[in-house]
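Given below, in the form of structure tokens, are the structures.
After this come two complexes, each holding chain A, first together with chain B and then together with chain C.
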Partner chain A sequence: MIPFELAEPTSLAAAVKLLDPDDETVRPIAGGTALMLMMKAGVFRPAKLVSLRKIERQYAAIAAGADGLTIGAMTTLGTLERSAEVRKLAPLITRTCLTLSNVRVRNVATVGGAMAHGDPHMDLPPVLMALGASVTVAGPDGERTLAVEDLFSGYYETVLAKNELIASVKIPAQGSKRAAYMKVTTGSVDDWPALGVAVVLDGEGDTITSARIVASAATEKATRLTLAEAEMNGQHVDETLLQRAGDAAADEAELVADVRGSVPYKRELMRVYVGRAVAAAWRGAGLNND
Partner chain B sequence: MSAPRVIGFTLNGVPVTALAEPHHNLIELLQTQFGLTGARESCGQGLCGCCTVLVNGLAVSGCLYLASFVDGATVATIEGFDGAGKLSAEQEAFIETGAFQCGYCTSGFIVMTAQLLDEHPEPTDDQIKHYLSGNLCRCAAYPEIIAAVKLAAQKRKARGAAFATTSRA
Partner chain C sequence: MTDGHTTAKAGSQIGRSLPRTESRDKVTGRAEYVHTMRLPGMLVAKLFRSTVPHGRIASIDVRAAKQVPGVLHVVTIDDVKQVIPHPYYGPAFHDQPILADGKVRFVGEPVAAVIAVNPHVAEEAMQLITAEYEELPAVFDEVEALTSKTYVHDELQPAATFADLKHLKGVKDTNLALAYKLRRGDFDQAYAAATHKFEHEFRTQKALHLPFEPHATIADYKDTGVTLYTASQGPSFVRTEIARLLGWPENRVRVKVPYLGAGYGGKLYIKLEALALALSMIARKPVKVALTMEEMFYQITKHPCTFRIKSGLDKDGRIVARKCEVYWNGGAYADIGPRVTQKAGLTASGPYDIDHVSIDSLAIYTNVTPAGALRGFGVPQLVWAYESHTDMMARALDLDPVAFRRKNLMRDGGQHTTSQVLKDAAVEKVMDAVLDRMSWSKPFDKGASVVRRGRGFAIAIKAVTTPTTSVAIVNIAADGSVTVYCSTIDMGQGSNTVMAQIAGEVLNIPAESVKMAPCDTDVTPYDMGTLGSRSTFHMGHAVRLAAQDALAKLAQLKRDVGEPEGSNIPIADLFKKRYGMQAGNVIGSGVYKPDYVSPDPETGLTPNVTPFWMVSGVGAEVAVDTQTGHVVIEKLINIIDCGKAINPKLVETQISGAALMHLGFAMFEKMHFDGGQVTNASLADYKIPGIRDLPGTMENLTVDTIQNNGPFGAKGVGEVATFCVAPAIANAIDDAVGVRLTELPLNPETVFRAIRAKAGRPLEEA
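So, the complex of A and B:
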């Protein structure tokens, strides 16, 4: 890697001040696992990195309450994976962590980094989006909160200003909702996905009362599939419905070709896996399904 | 300025200081300033596990970890596993099981196994595969590696409390 300056502020406020809204060569670094890949490849050549590793410990804490979970942005994915609170209140996240990269990366990579990087191949964005999560963002003028759904603006792009930092992620209580996340890897099992599908359903008896379906990896950013969702609401779950949901998803998704698959191939994956993910979520009995 | 700065950390049980370049990764630091070559950069992307090092008891990919990040931390490399001249349980088990051919990946597997056994002293096959899925053995000694991990778990148990006093803590 080429030489750069490394700042190590000891507070979130100081970190925000060190960032420059107009300078793309100044960036925050948390765990660094994703950023290091970009720097080693020469895709990103920083003049200055602002390390967040020494900011207040509260930003690496997980708090559970009746209204849900608040997860500090500096929480590592490994801590998330091992958290009893997360397992209890949002077991989909625990399950997702188990197939997210490998143990070493999860020991270092952070929740905030996984969001702020804007990489459509990552697993947490679609999952958090489907769970209805929001992020609290700190900037020079204070904090603002936005839905994870509104965070991503394009391929590796977010709506965050260059001097804004994600402080925490809030996941609302899931009540009786059921959830599943499926990803398709076309290279090796541990490859980046060609498609990710996160589904969160609520239902009464054998009828779906609400559905959130999010696709990632095959799309330029994690994206809600609203037509497929509409197809599910108020419906009984059967093979025909699963097929209709898959067809709706395949029709509405704007897909991107890459080394992991062409657009027509990913369209077929979408058709099949949306149905499978809905079925997997529905099969489970509430939050602790697997 | 991208000036190097002095950092302090515990390396294989010994307090050390080093001059860390901001753009160097942990492997570069260990190799250039301490002559430790057991952890080495192979894929350079965190996929193969050859660069596995323990930082505060948790395995990291040294090639994706900024050297400056170990300031104040406890670092353990494969070179610290044979404390007091005695091989660790993992090292003995890999040798006795013949869990390698060329040996290039072995130090990474052994360091990764340490975190696995710290967290799961009696690991199942699934747990072993899960923890080691980020380590690649191009000689494909995987069956022997799984056997070695199980043997290492037994050896750790047999050694009892004495083992917990290695320099990795």
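So, the complex of A and C:
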């Protein structure tokens, strides 16, 4: 690692100003858990890092309202994990945090960083996408809001300009929805996932009225499986449906091979785990199931 | 021995679960490691490494690197030769150049070194170096390399230290570094006459030691002498080898080892020490070379291995003939591979009483990172094969795998394959203990739906690397306090605690009052190395003898000052009486080298190949997800024979540590390669077991035995619980889902593919 300039602005607006839309070597840093590894490996050599640690405290706060949760982008994953509001309104996030990386990473890594990094192996993006979350993004010309599912444009790529920062995440109220996330590892249990599947379902009686299914890790970016979702809507949940959903997911997903598994194997994991995640979500009695 | 206030009862130090004496320093961050050590005026080096697996170096351009402010030297082999004319090193072969010399032989081989004022400058400059290579064909697979026309080395260069390698000097056009053989009886005839014949091939992967403290060495060279601070398991060998490179007597080379952040065999013999020496000679200042976690993928690994095993059985299920062909993938430089080949090779036929055995064990050069010893000295690779083979034969003949083993097991009083009479090897006792803890004779629920359950067993035997020597000194100060000097390295296994217990037992004082001197070859005497589960036995004996020698000298001192027979004068008073004040020392010394008879060069047979046998048995219960191939290890029973446990708690942690380490190798650890390039050379992509990979139930036990020739009945323990983990799990997977895996690791995709292949629906290739 070679020396670089470290800026520590005290406001989000100042941070945005310090960024350069055209300079690859100027980047914001929040928790730094991903960026520092890239710097250590020599993959990224910054001229300037803009630390977000000293910006306004509101960007590290969690607010709960009737319309859902607003989570500041600088909220650490550890804070998220321990938040009573999050546990009440989006317990899927609490459950996901428990198996996300390790306690040392969770205590410094941030919600905004987990998304802005664009790493398809992260656990939070597919969960937020399935929950229908949106992000508010601050840039030189003010703020804009976009759905998390529109945030990712490719492998480690997002639609954010180099001088845009995620300010907060909004998770809509989930009502009676049921949810599950399954992280599938093929090495150590603590490894990056070979596949992540997040499912959020709404239903009446034994019929699914809406389904959001998101796959990650095996794909080049967190991706909604719309064909699998379409299989589910208006259907009764039984073994046949789970199988159909799994088959649809396996057919539609574009998969990537790596040391964690070949494409044919990941396709089988997808087939099995979409069904298992749907079943797990459906089994859960409403939103507060753990 | 008494000094009035620190007396211990006889026998009270042995079998005592004393907590590790250094733990407080370690958990409070006060323990010193080379990786974090700094010397005044110290420079640091970073290494520029080869990007091709095999090639002639056409050019190296270091000009830009030299211009970086803060860079003092950029060093290539030409510079090294100015200070060390023949810069080749290694324990068995002098085949490894300090920096690549004309050729590179694996991706990651050091080609140039930048010496700078700090690691950041060194790193930046290193990235400005460029090299051009004329690429040569490369060979990666051990079996292919044996007949390949691509040669990793132009000719073999055995070290003079091993007399049995002399005949290899100058041999050309081969990748075979060493061939070990054993011939007992007449395999061909017995196999031809056998009723049942089986032949299988097994493979193991390339995997990594991954100690928490990466390799690190500081060399501080002066014309009068050199001091090396190094993260090494073998300081005595480092001293010998550095003295040889310099043409100096050993007493001008000082090697100091503080605490070691683990080793597992990866820090043996000579690693960064020769390079650090050369750099310090060039810079004429202390120079530190410390690897990153990522660079360890290019330092030393476990041996990949291909094992072809053939057995002939009579009609009653007795194994009458066995042939073992073992191919060891040693990588680009021999390191200790030839010794692994020999010393593991001699137990390749397993703990079975077989009259006709043929073993060929071959050390082979390839164009990948060198391989060395890794917690088991090759034996886990062998057990993986022969204990899988054993189960496969039993299943094919519809025999109970346990009864089949029992019928063929070696027993005390019988002969080992080498012809040594087996003594104090509790093979059957270990097996019975595992089966008892597994409730093997009780019904077992194998499951009926998606998740199927199975159980498996494996048993193994290993010899200790022999002959090796240990020397110890016990120093009793004038106040009666005791210091032990030995070069055994405490790398977390607790050897300091155990040596203090042994000294305390002999001297009749509590172990916690015994000081273990830090390892420093100017002060602590010779030891072969902290390796191969040899320290408790060899150094334990040396410390015991040194303490006894000190006691005898104290007794003489008492006679010299006119104390009556049987006097229990406190030690401090005795010294005062002798020297008139608190002054003087009593120095005891002890040397231990076990008896050994060199194997017959034609047959490999010898009546005395090892002073003790290590025995290990494992039982595993697994649950296999038939839809994904995921294997959950529900129960793992690890039982070993280590003789009398000097410190039962430390023995337990050695068993659990060894078993968990090999759980990683069994289940998922693997260096992935693409054209000689490691594609997962970081801890982001190479994972070791974490807390959540632990088996549901894990028992780590010993059987109640005594090693009659051991110090207080003890023998080695560090490696023992590694041997059987992989085959026990593979046997359990077969029991659960009826598929047989012959290559490690047993990762979910491998298991799933086997399940689909068995169902007649093979998964398409990647």
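Please note the rule applied: the second predicted complex is superposed on the first by the 290 of 290 C-alpha atoms of A that agree within 3 Å, B and C clash if a C-alpha of one lies under 4 Å from a C-alpha of the other, contacts with A are read in each partner's own complex, and residues count from 1 in each chain.
Note that in this section a contact is a pair of C-beta atoms (placed from the backbone, for glycine too) under 8 Å apart; a residue touches a chain by one contact, two chains touch by 3 or more.
The structure presented is a predicted model; accordingly, all values stated were derived computationally and were not measured.
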Message: Applying the document's definition of touch, where does A:Y59 land relative to chain B and chain C: first, second, both, or neither?
response: neither
Query: After superposition on the shared chain, which partner residues are touched by A:Y265: those of chain B (first), chain C (second), both, or neither?
result: second
- request: Applying the touch criterion given at the start, work out whether A:A257 contacts chain B, chain C, both or neither, answering first, second, both or neither.
  value: second
- prompt: Of the two partner chains, chain B (first) and chain C (second), which one does A:V105 touch, if any: first, second, both, or neither?
  reply: first
Contacts of A:G32 with chain B and chain C, given as first, second, both or neither: first
- request: Considering only touches as defined above, state whether A:D190 meets chain B (first), chain C (second), both or neither.
  value: both
- prompt: Should A:L6 be classified as contacting the first partner (chain B), the second (chain C), both, or neither?
  reply: first
- prompt: Of the two partner chains, chain B (first) and chain C (second), which one does A:W282 touch, if any: first, second, both, or neither?
  reply: neither
Message: Identify the residues of chain A that lie in both the chain B contact region and the chain C contact region.
response: 1-3, 37, 40, 189-190
Field: chain A - residues contacting chain B, complex
entry: 1-6, 8, 29, 32-33, 36-37, 39-40, 49, 51, 53, 78, 98, 101-105, 107-108, 189-190
- line: Within the complex, chain C is touched by chain A residues 1-3, 37, 40-42, 184, 186-192, 257, 259, 261-265, 268-269, 272-273
Query: Within the complex, which stretch of chain C touches chain A?
result: 120-121, 123-124, 127, 292, 294, 627-628, 630, 664, 668-670, 672, 679-680, 682, 684-685, 687-690, 692-693, 747-749, 752-753, 763-766
Query: Any idea which chain B residues touch chain A in the complex?
result: 1-2, 21-25, 44-47, 49, 52, 58-61, 63-66, 68-69, 112, 115, 130-131, 133-134
